[in-house]
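Structures follow.
In what follows, chain A forms one complex with chain B and a second complex with chain C.
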Partner chain A sequence: MEKRIGVYVCECGPNISEALDIDRVVEAVSGMDGVVVADRYKLLCAGAGQQHLVDQIKEHDLTHLVVAACSPKEHESTFMSVCEKAGINPYMFQMANIREQVAWVTPDKEQATERAIRHVRAAVGRVIRHTPLATREIECNPDVLVIGGGIAGLSSAALLAGPERKVYLVEKEPALGGAVKGYEKLFPGMRSGSELVQRYQAQVEANDNITVLTGTTVKSILGFLGNFEIAVENGQGEGQEFMVGAVVAALGMKEDTESLGEYGYGEIDDVYTALEVEAMNLEGRLALKNGDAPKSVGIIHCVGREHSEYCSSVCCMAGMKIGRYLKDKLGDVKVTGFYRDLCVPGCDAEQFYRETRDAGMEFVRVGRVEVHDSGNGIVLKCGTAEGAVKEEKVDMVVLLPSVQAAEDVGALAEMLSLPLGPHGFMIEEHEKLAPVNTSMEGVYLAGGVTGPGTAEQTLSQSEAAAGRILAGLVPGRKLETEARVSEIRADLCAGCRTCLTVCCYGAIDYDPMKGICVVNEVLCRGCGNCASACPSGAASHRHFTSNQIYREMAEILK
Partner chain B sequence: MKKGYALQAPDGVRKAVAGFLKTCLDKDVFDAVLVCVRSGSACSYVLVQEPSFLDTADCLPPVMPVQGGKAVMSFTRHGKGMRIGALLRPCEIRAAVELSKLQQTVPENISFISMDCEGVIPLSDWLSDPEAAGAADGSGVRELCSICEQFSFCEDDPVGKADLHIATMGVAKDRALLVPVSARGDEILQKLDLTPGEETTGWVEEVEKLRKKRREAREESFAELRKRVCGLDALSEVFGRCLECHACRTACPICYCRVCFAGSEPAGDAAVDYVRRAERLGGSCCLPEQLLFHLGRMSHMSLSCVSCGMCEDVCPVDIPVGSIFSMVGQATQGLFDYVPGRSAEADLPLKKFVLDELEDVED
Partner chain C sequence: MTAASSAEDNVLVIGAGMAGIEASLTLAEAGAKVYLVEREPLFGGKTIKYEEVFANMECSTCMAAPKQQEVLQNDRIELMTLSEVREVKGEAGDFTVGVHRKARYVDAEACIGCNACFDPCPVSLPNEFEENLGERKAIYLPCPGALPNVPSIDTERCVRFTENKECTLCQEACMFEAIDFNQKDEDVELKVSGIIVATGSDLIDSSQLKELGYSGEGNVYTALELERLYASNGPTEGTIQLRDGRTPSSAAIVHCAGRKDTGYCSAVCCMYSLKFVHYLKDKLPDTTVHEFYTDMCIPGKKYQEFHDRMKDKVNLVRYDELSVSPNGGSVGISYKSGAGTNEKLDVDMLILAPAMVPSRGAEELAGMLGIEQGGRGFFGSSTGSPAESGKGGIYVAGCAQGPKDIGQSVAQAGAAVGRFLSAASRGFSGE
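What follows is the complex of A and B.
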């Protein structure tokens, strides 16, 4: 079939038209192989511009379309729909970015024109080698697995479950509620943590569409968005398997115990961690080991800060909350926070800090703090900023350790072949564009699994994760797969599995019967890692073939 | 210091090693042995099950007819199969280890038996006079063999995965030492009731002496070569002789792809592209892949190149392709602190993700 390419250069108002000589660009591509029409237009993305393109495609019987305009991030999908509307395959289209990559980067009109010519010629050289691509539709299971029965998991489950969507809520502990259940109060509003948990838990328990599996751990997660096979096991070793379409990883966090020893923890009586004091408070016994009420308490911030190499952001506030417990319940107690840097982000936190100070808690800025047992109480030796050492006698020490990811986060990441961040937390796909997604479609994150956070932050994430699933995995609707994916030619593959190790999405499987690797088109995101790693040229990207790239480069470098 | 078992060799080491392998088959240590069998000038790897076949074996031929790593691949590509004792040169064992990491061999049931390698003579010399070329006195060996440092296994951290090593250097002519290198090597000797009680000091000293000499020769040789091949013009000239017969690739043990992109249909240029290139550049070379093929192959396999020299041996137009690849390989492997064939456990650099690496080659 004859290849008939139409090239249209957008003026983008003055953006492109004033920065370069569009007529010369049009002229430079007019004689190229396959180009039957090249022209300029005021604003192609506008309604009239799109209609113009549709009319042109029909009038000239075009088979391929090139638009030279803005970034493909902005309008690639617009012009691909134009192609569809005009009856040609949307992948027979190529965009040349002559605005962000040309017009906006130089005031030199001559240089800009020269460069625009290369970009547009490259697009023509490439598009002629495009092949029509098609998406597929796959059946989806709308059900969801929520891992972790803390507030993140509970709120996600409550939002997601409905008559058409079942939720499996898996919690490894015998009871739901997570860490927040153990907090009498939550900063900064000093509302009850346990009441909050109860409220969510009641919603979950009242919902017939939620299956709560406590004392249960997830053994394996296989599959992809819309089609995950889940295997779980309870404490008695009884297994269960079910299908879901999406997964919310709502695992929590834990205290970093690595550096506690440096502060006399475990050796000196009455040195506690923040979580231990939370538990003591909940039981109503904020007391020393000998049963007496403490007269003075030192709260040490930033314990393990050097070890963890990050600010855990919630511990300063947690320390203030403990100060408030002590002041509220014991009244006559001196509470001092020994901090290096105080992390009090946001208006509510600032207000909370002021209230805590008004309640009588003192804050002393120190360097390194050492905890010594004097035989008659605890002595804190605090290095001051000036290098002097100040001694402070206290009855009780509360350590505010940094926050780490829960133990099973690593195992889950391995199960899903997802990367962990440098600090052991799971990482989001994109901090701004996809903050609760993972690089595996259909797996979402909420709460401590992503890093230290407050209850509000956790709930925002769990609701966001639920929102992603509600919007993307609609019961009865099929999923459209990405057309621009990789493929592996069976006759070329030598089964070396190099591609498998470089695939970030777990989208390649090894078929031991045939001795070759196979791409799962649903999981593949078309990143092209496999295509570049494959020595045989067996793996290739459907929309970035060597030939297409070569021709594009050849025109650019001419 | 490791100890060895003295294998008596009144009729020469080759006969003694053949006898040893025969005993291994008789005593059911292996189901089969992989050795070179020679008939006139023809010399090939054979998987031997019938012990009497070993009478025709030439256990230490002065020539490398096919890279032993490739021979191992042909027997084990599709599963571990029977227990094989494979008598190979150190570079062949290293190639087999690399191939196992590339999932092209399953070496689980293979016991690697290596030997001190004196180097081999060029195939062309061998074919012109197989009898005269047999002198294994180290003279007349291939250029790459004469600068090879990894010709033995006598280190605390042996390069390669040999199980049993046959030491001949620094050992009296009428004997050889069987030195167990791995736990499996110990087992083999135990099964045969052979106790390694012989000191190996003389062998180790000799190997280290030669290694030092070779290292200096290698540096000198590469310094010389670098002058000849550095830069695009020099490379174009050196590879300008290339016929694109791709024999180097066929002989290379590491080039495992079933179909190579180079020379395949999608890589070919349309007639119109030749014409265009001529229009654009004033001329268009009619073997356009010449240099590209070698650079491409280099980028694919230099990290695993074991410097066996097969490619250079088979090149009909005498391009020093093995030396060039070995020199480049030494540099790329050095970047990742990677020694091909050293261990089956060390990850191939391409397959291992390291967050911070190669910072000095970033922009």
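What follows is the complex of A and C.
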């Protein structure tokens, strides 16, 4: 088919018309290959300007359109809509930015005109090599797999399940409730942990659309947003398979055991971790090994922080909560927190600290703490911030270890081909903008898998994961793929799988039968990594082909 | 919620910072029609005041702008700037909201954002967006790159409105006949099924902190003032200089300014104060930087690494008490150190990290909406999940609920939407 390109230069009032000689720009592109009309117009983005373009496309029977105006950030979508309105494919359009990149930054009119000519010629050189692109619609399954039956998983499942959406809640332990179930109280409000769990668990258990699979682990997750195939297995080795559209990873946290030995844990009696004390408290047994009530307890903060290299954010308050348990239940006990920096962020935590101090717990700022068995009780040797060493005798030591992601998070990441972050947590797609997303669409994070956090922060994340799914995976709605994605030519692909290693979105699969790689259009975000890495030229970006880019560059550099 | 019923659902989002933007985009994706109400002439909240965000020093406006563009281009989102909620009636599933929409006096359709109208305006005044460190005209954009890229006329300063003068200088300068003095303020009535409150927070008024010597003049600055001095689109185009134009040879950042008054830790100040070390050393490598902190609060998996990278570039000093007084051209700091000794230090520039407090008008809004306000004045119920407001159909997101960083604010916006969509699908029963 004959290629018929129209080029329109926008005056943008005085913005472009006064900064450069538009007539010379028009003249410079007029003779170019494929250009059947080139003209200027006072303001193309305005309603009249858009109609003018529609009329021109029809009048000159154009197949391609170039608009030389402002930044595509301002009006690319405007002019793509114009193309659609006029009946040509919106990807047969190219914008040349001669306002922000030329008129506004080039004081010399002659130079500005020269630069503008290069920009517009480049757009023409490129657009003639554009091909029509289309989006595709694919069916998707609205059901959700939630991995982990703690408060994160429970709250997510409770929000998600409904008559049109099933939720599979998979928990490897025999019972739901996760870590919080084992906490009598939660800081800072000292509300009941088990009541909070109960609130969500009751909602989950009352909901017919939630299938609870306890004592069950996830064996494999294959597929992509809207179309994941899940295989799970229970303790008896019985497998089950089902389809879901999205996955919420809410595997929870664990204590870091690596550094406990440095604090006498396992060697000296009556040295416990925070989780152990939580359990002892729940059993009503806040006592020494010999059954006596402790008269003095030292709570050591930041255990293993040198090793973990991050602040676990919850330990200061967890330590205070344990102090409150001891004070409330034993009364006559000296409780001292040995801390480095008190980390009590947010509008309620410092109040909790003050209340705990008022309840009689003492706080001592220290450097490093050593735990020694004196043969007659435990001696804590505390290096103060000023370098002196203070000794303190205690009956019981409570260690506040670093918080890590749950055991199975590595296996899950591997299953999903997602990388783990430096501290073994899963990586959010963007720390600020997409804190519960992963780089794989349809897989979301909540709670301890993504980093240490309070119950409140965990609920925020789990409900946000539910929000993302409720918004993006609406029952009955099809998913529309992005048109500007990569493709791999089967006849050129050697199956070397280089593209697999550079794809950030898990969008490329290797087909072992054919020995080639294939792009999944649903997952591809069109970053072009595969196209630049492919040694045989099989991978290319549909809207940034080498040919298009070279022609564009050739005109710029001419 | 079915696709059909969701399309009919209207939602009001109050406040168009990062939390409000995230909530609006997610709701629109779900098929809702969103009214995003913002009282300022621009949107983007506090985030667009920053040049960079911790901990990876990403360009803040580059991070926010694509999200803002998505809002502007989304047919399901109606961004209402210069607008305030005045009245709320009804209950979950059926609210009637009265919004007062101030006239911009510039036609957003006709205006191309060329800024030709600013120069001729005879009125100059300190620019609040620039923390009064720069000037603006009565017709203005708060900063270059502000979105929407359409100026507005400040009727409290424009002589047409204040002195009834027949001044048409801006109108004459506009090539696109975009300036329309006949626009009128409007009272709009909206019908919505749910409301998301994302009104953010303010900083405590530093001039109330008598012992810290802030007056809006001299060499004591607030955190937001330093942000604007470092910003490439700010009043000095990124040059960090004192009000008299001098380059500071020494600077001190004081954490926990106003913490005693508020009674809580504002959660993000330690991290952004460490970011300021980067700002200062980046632009002024020869400037000595001191950081006065009480407890280093850098929670989470990412922040200690940043702290460790910064700590060698700064003199970190733990303090228990601290007061500031002008000392000739410099700032005198008297402090009791963490070790209990009394010390003094003079610096050229002092930057306060002031406590975060509920945003202006929070109390009035809580009353209007009938939602809970905690003892500190932030919104939210103490018993539910953090996105719950204490009233069905109304949810809270971001710093309106308490101090938090951008990531936590965005997460909570998602949570607010999750709660709304889930409740809406159940017809708000049990809310």
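One rule holds for everything that comes next: the second predicted complex is superposed on the first by the 427 of 558 C-alpha atoms of A that agree within 3 Å, B and C clash if a C-alpha of one lies under 4 Å from a C-alpha of the other, contacts with A are read in each partner's own complex, and residues count from 1 in each chain.
Definition applied: a contact is a pair of C-beta atoms (placed from the backbone, for glycine too) under 8 Å apart; a residue touches a chain by one contact, two chains touch by 3 or more.
From a predicted model like this one, the values you see are computed outputs, not experimental measurements.
Touch criterion met: A:Gly476 reaches chain C, while chain B stays clear of it.
By the touch criterion stated above, A:Pro452 is placed in contact with chain C alone, chain B being left untouched.
By the document's definition of touching, of the two partners only chain C reaches A:Asn15; chain B does not.
In the superposed model, A:Gly410 lies in contact with neither chain B nor chain C.
In the overlay built on the shared chain, the residue A:Ala466 is in contact with chain C alone; chain B does not reach it.
Residue contacts after overlaying the shared chain place A:Leu492 against chain B, while chain C stays out of touching range.
With both structures placed on the common chain, the touch criterion links A:Gly87 to neither chain B nor chain C. Among chain B and chain C, the chain that touches a larger number of residues in chain A is C.
The touching residues of chain A, counted against chain B in their complex, run 422, 491-498, 501-502, 515, 533, 535-538, 546-547, 558. If you check the complex, the residues on chain A that touch chain C are 12-15, 43, 45-47, 73, 77, 155, 158-160, 162, 164, 189, 191, 305, 309-313, 341-351, 365, 385-386, 421, 423, 425, 428, 431-436, 451-453, 456-457, 459-468, 470-472, 474-477.
Interface of chain C with chain A (complex): residues 1-3, 6, 18, 22, 26-27, 29-31, 53, 55-56, 58, 63, 67, 69, 73, 109-110, 112, 114, 116, 175-176, 263-268, 295-305, 308, 318, 338-339, 374-376, 378, 382-383, 385-387, 402-408, 410-419, 421-422, 425-426. Of all residues in chain B, only 78, 102-104, 256-261, 264, 266, 280, 300-301, 348, 350-352, 355 touch chain A in the complex they form.
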